[in-house]
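Okay, got some structures for you below.
Each of the next two complexes has chain A plus one more chain, namely chain B in the first and chain C in the second.
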Partner chain A sequence: MRASRAVVMVGGLLALATMPWWARDQYQLHLAALIGVYWILIAGLNLIVGYSGQLSIGHVGLLAIGAYAFAILTGRYEWSPWIALMASGGIGALCGLLLGLPSLRLPGFYFAMATLAFALIVTEISLAQGDLTGGGTGLSVPGFTAPFDTPGGFHALILSVAALITWLTWNVARFMWGRALIAVRDSVVTAQAVGVPVFRAKLLVFVFSGLTAGVAGALFASLQSYITPDTFVFELGLFFFVCIIIGGRGTIVGPLIGTAVLTALPEIVAPLARWSTFFYGLLLLAVVLLVPEGIGHVVEIVRARWKPRSLQSFAVTPDAARLARCLRADPER
Partner chain B sequence: MLTALVTGIAAGALYAAAALVYNVMFSTSKVLSVTTGHLSMLGGVFGAWLMAGLGWPLPLALLGAVLIGAAFGIATEIIAIRRVLSRSDEHLWLLSTLALATMLQQGVALWWGTEPKPFPRLLPQDFSAGLADQKYWLPVAIALLLAVALELFYRRTLYGKLFVAMSEDAFAARARGIPTDLIRSLSFALAGAMGALAGFAAGQLTFAYFALGLTLTLNGFVALAVGGLGSNLGALVGGLLLGVIGAFATYYLGGEYQQTIAVGLLMLVLLVKPAGLFGSASIRPV
Partner chain C sequence: MISLAAKTVTKVFGGLTALSEVSIEVRPGEIHGLIGPNGSGKTTLLNALSGYYLADAGRVTLGEADLTRDSVQRRAFAGVARTFQKPRLLPTLSVIDNVMLGGWPAVRSTFFGTALSWLRARREERTLRARAEELLHGVGLAQVMTRRASLLEHAEQRFAEIARGLMASPRFLLLDEPAGGLTPHEIEQLGVVIRTVRDAGIGVLLVEHHTDFVFRLSDRVTALDLGRVIRQGTPAEVRHDAEVIRVYLGA
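Let's look at the complex of A and B:
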């Protein structure tokens, strides 16, 4: 089982890495890069939503901040894209800290509303500060330097960053911090009782998710090559959120598959594009009502239906002689 | 200056109405529904469609819009609340109502269009009335009417007392023979009707616009949290406070910082008085 999973993972990675050679057109490559960029953000968000159970619906605000930071630093101040990429990650982390400090103290619905408000505020400010962000007309974004200036090279860059981020989140998830986050999600009181620093744990992963959102924003801006405030609508934040809920909370593979499928679906099935947000809502509702554990749980249910766990019977033969000896034994002696 | 005050009070009345709608649903179900603002959006859009599109007279269109709001309220309860409340996970209702709100908003956007459309005049009045125009005082009148009617309903009628009993302790209410599921459905229907009525009355101020729902959900929630969860007086005060502060911020700083001001106010109040201005601090048994 473990070996077959490793084979699937290595095979998938190889297929993705060699995609520039076998992809039929540039558009497929662009789509794969887009999935990678979204995944960089969602991998970080997954630690917040999937592991620690804080329902942040406004991460699109952090994505916008990363994108604008990258666009302004490279376009206006002519920084090297690499330094700008790191700087956008840092700015994303800082904004995550500033957002998390007050809002992570709030209970569920309050937190969701605070993040929603944050996303709207970022849009407002990017429209209001026209001198810096270009206002409603937007900004054009320079690309990366060679060898990452071709679609194939950029694909490789995004893939390696995504792999790095996935590895980081996997490390967080499977060791002590991940367990602490799951404890916070399932019962705050219990987590506190066993000594988990609840607020600090939440804040730490929130800052990390800000960093990944900032990096994703920088890559996103470079991929789209032109950004306006309309790029970062609230529906995009909802989309990130839906990817995680549908993939299942508390796993990394589930949201990854969710991201890939949900990004590709409206692009492949063209008539769906108009209805895509409605469709996300419908999908979210169906998952919440029918399988709150995520779509992956359906596989388990079906598997259990088709192949019931084989019942093993163990014959128990009493050791009659020993039993008789015990019964006959004198308790006095 | 006076214009800022009047528009602020009018917008604040709409926020206060949304906060009241939150309260009605919260009292029986302990659910803060994301669909709250969308109820008012329904009232505005369907009001405009029935009056301007189909040419219905005012009373009939008002009735139609309110009925549609109430129907959507009941549908919310049946689809998104009932099944979810029987599970133990406390955040699922947030997801299900968010999903429903998204579907409604997108559905309306596809059907009605994404541009704000004008709302017809409700009362014959000259456009030269200035600040005494009906679009300013209608929302205020409706918000006050809703608050007073709600208070009378809670205090003077048997059904109102059932609502209050359920908000105090749903299990005890059930043990006394109150059909709690039915009461919860009724409260969502009432909330839908109230939200649609407020949206209908404020239609000339907000226009019939599909994206009104989400901003109203947020601003109504800010008004509610500032005023204190569960308090109707707090909802009114919080809504007016938010509306007036937002209008003056627009007057002095320009219109770009509406949400920033609203959330700043929310954070300030939550830091100083976490239960809100008129809320009672809840004690959580562990």
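Let's look at the complex of A and C:
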């Protein structure tokens, strides 16, 4: 089971890494890069939505901030794109902190509304501050330096960053912080009882998701080579959220599949291009009705249905000697 | 000797005085039973000790330390663990993950250190997992270690919550009606676990309706009625107290 999963992962990574050589056209490569950029944002957002259970639908605002920061720093101030990429991440993290501080205390839907308002405000500011952002006309964005200035090279850069971010979120998810975040999502009372600082945990994750959104924004701007406020419509923020819901909560691979499928959807249904929004809706409806746990949990669900594990019942029989040994070995006493 | 104590604690909800100048001291290595009719303030007192309610007057202390204004989390770090009347496990996590969560106060890894998988995070993970496995064997749940918590039977949930509470090596363990919904056989097993915890030097507060169980297990008992302490003493003293018999035990 573990070995087969590793094979799938390594195989998938190899297939993606060699894509510049086997992709049929530039558009496919662009699409793969776009999936990678979206995933960099969604991987961070997944810790907020899928693990901590905070419904942010406004991360497109953080994406826009990262994108504009990169475009302005490289274009206007002629910074090195590498420094600008890191600065975009930093600015994204800072904005995440400023947004999270007041809003993360709000319950459920009120928090979602706050993030929505944030995204709308960012769009308005990018329109109003024409001197800096080019207003409605937008900005052209420089690319990266060689060897990352070709589509193939840029693809490799995005893939590397995406792999790094995925690894970071996977570490958070599998260790104690992952359990703590799920406690924040499923039972605040339990989280408190074991000592998890609920607000601080949410804020840290939110700052982290701001960082990934800022980095994603920089790469996104460079990939699109031209950005306007219309690039960052509110629907995009909802799209990120839906990728996670379709993928499933509390998993990383599910939202990854969700991101890939939903981003590539217009391409998959290319002959029916005008229907792509219809298929988007249909897919969302199908997942919510048929596998509400998300496609990341399909394997478990199918397995549980076909091979129901017999939940053998047994009498709870404590082993007092072993328990005593365990309690005596306490380091603190 | 470090005791967990409420000192003349008063808690008022609207016009209702749920606790009125209640004092109680739980000593290390003793089982302190807390009994009383419904609405007498047992769970309110437990919540005041664990920090879910802040006392309107009076103090909560742990040895010399004043916990009165401390949050639930700070009290957990100070060594006060608890269980709930209705077990609160995280349904999507396995039993061992739930128990490991209880080890949070021992975690020193920062969020970003964990993200970078620093050696310390991995070492902590190994230590906590080993301890959680031992505790689960100890309370008798080794067979369901990897099962999703949502699939546990009621008694299993109760024992898993106790294991989670013991994960952080607490000084005091507050149990809110742990025998509720258990069969007589399971109650016996619960008694074994609680006595073992007591013998390890941990102070246990046992809030319970099951009076036979409380009198059999406890070293000292406090009886509450209408938010007031009506009697405190050994099980024998409390059991034969005229007031206790009148309001709670019946003739």
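A few points about this structure:
Definition applied: the second predicted complex is superposed on the first by the 273 of 333 C-alpha atoms of A that agree within 3 Å, B and C clash if a C-alpha of one lies under 4 Å from a C-alpha of the other, contacts with A are read in each partner's own complex, and residues count from 1 in each chain.
Please note the rule applied: a contact is a pair of C-beta atoms (placed from the backbone, for glycine too) under 8 Å apart; a residue touches a chain by one contact, two chains touch by 3 or more.
Worth saying up front: this structure is predicted, and the values here are computed from it rather than measured.
When both complexes are overlaid on chain A, the residue A:225 reaches neither chain B nor chain C.
By the touch criterion defined above, A:204 lies against chain C but remains apart from chain B after alignment on the C-alpha atoms of chain A. Contacts of A:171 after superposition on the shared chain: chain C is touched, whereas chain B is not. Once chain A of one complex is fitted onto chain A of the other, the partner contacts of A:117 are limited to chain B, with no touch recorded for chain C. Counted by residues of chain A touched, the larger count belongs to C, out of chain B and chain C. In the superposed pair of complexes, A:160 makes contact with neither chain B nor chain C. Contact with both chain B and chain C is seen for A:189 once the two complexes are overlaid on the shared chain.
Of the two partner chains, chain B is the only one that A:280 touches; chain C does not reach it. Shared interface residues of chain A, touching chain B in one complex and chain C in the other, are 189. Listing the residues of chain C that touch chain A in their complex gives 50-52, 71-74, 76-77, 79, 81-82, 84, 88-93, 97, 100-105, 107, 109, 111-112, 114-117, 121-122, 124-125, 128, 131, 134-135, 137-141, 143, 147, 151, 153, 155-156, 159, 164, 166-169, 171, 185-186, 189, 192-193, 195-197, 199-202. Of all the residues in chain A, the ones that touch chain B in their complex are 53, 55, 57, 102, 106, 108-110, 112-114, 116-118, 120-121, 124-125, 127-128, 189, 234-235, 238, 245, 274-275, 277-278, 280-282, 284-285, 288-289, 292.
Taken in their complex, chain A has these residues touching chain C: 167-169, 171-172, 175-177, 179-180, 182-183, 186-187, 189-190, 192-197, 201, 204-205, 208, 250, 311-320, 322-328, 330-333.
Of all the residues in chain B, the ones that touch chain A in their complex are 32, 79-80, 83-84, 87, 89-92, 94-96, 98-103, 106-107, 110, 214-215, 218, 221-222, 225, 254, 256-260, 262-263, 266-267, 270-271, 286.
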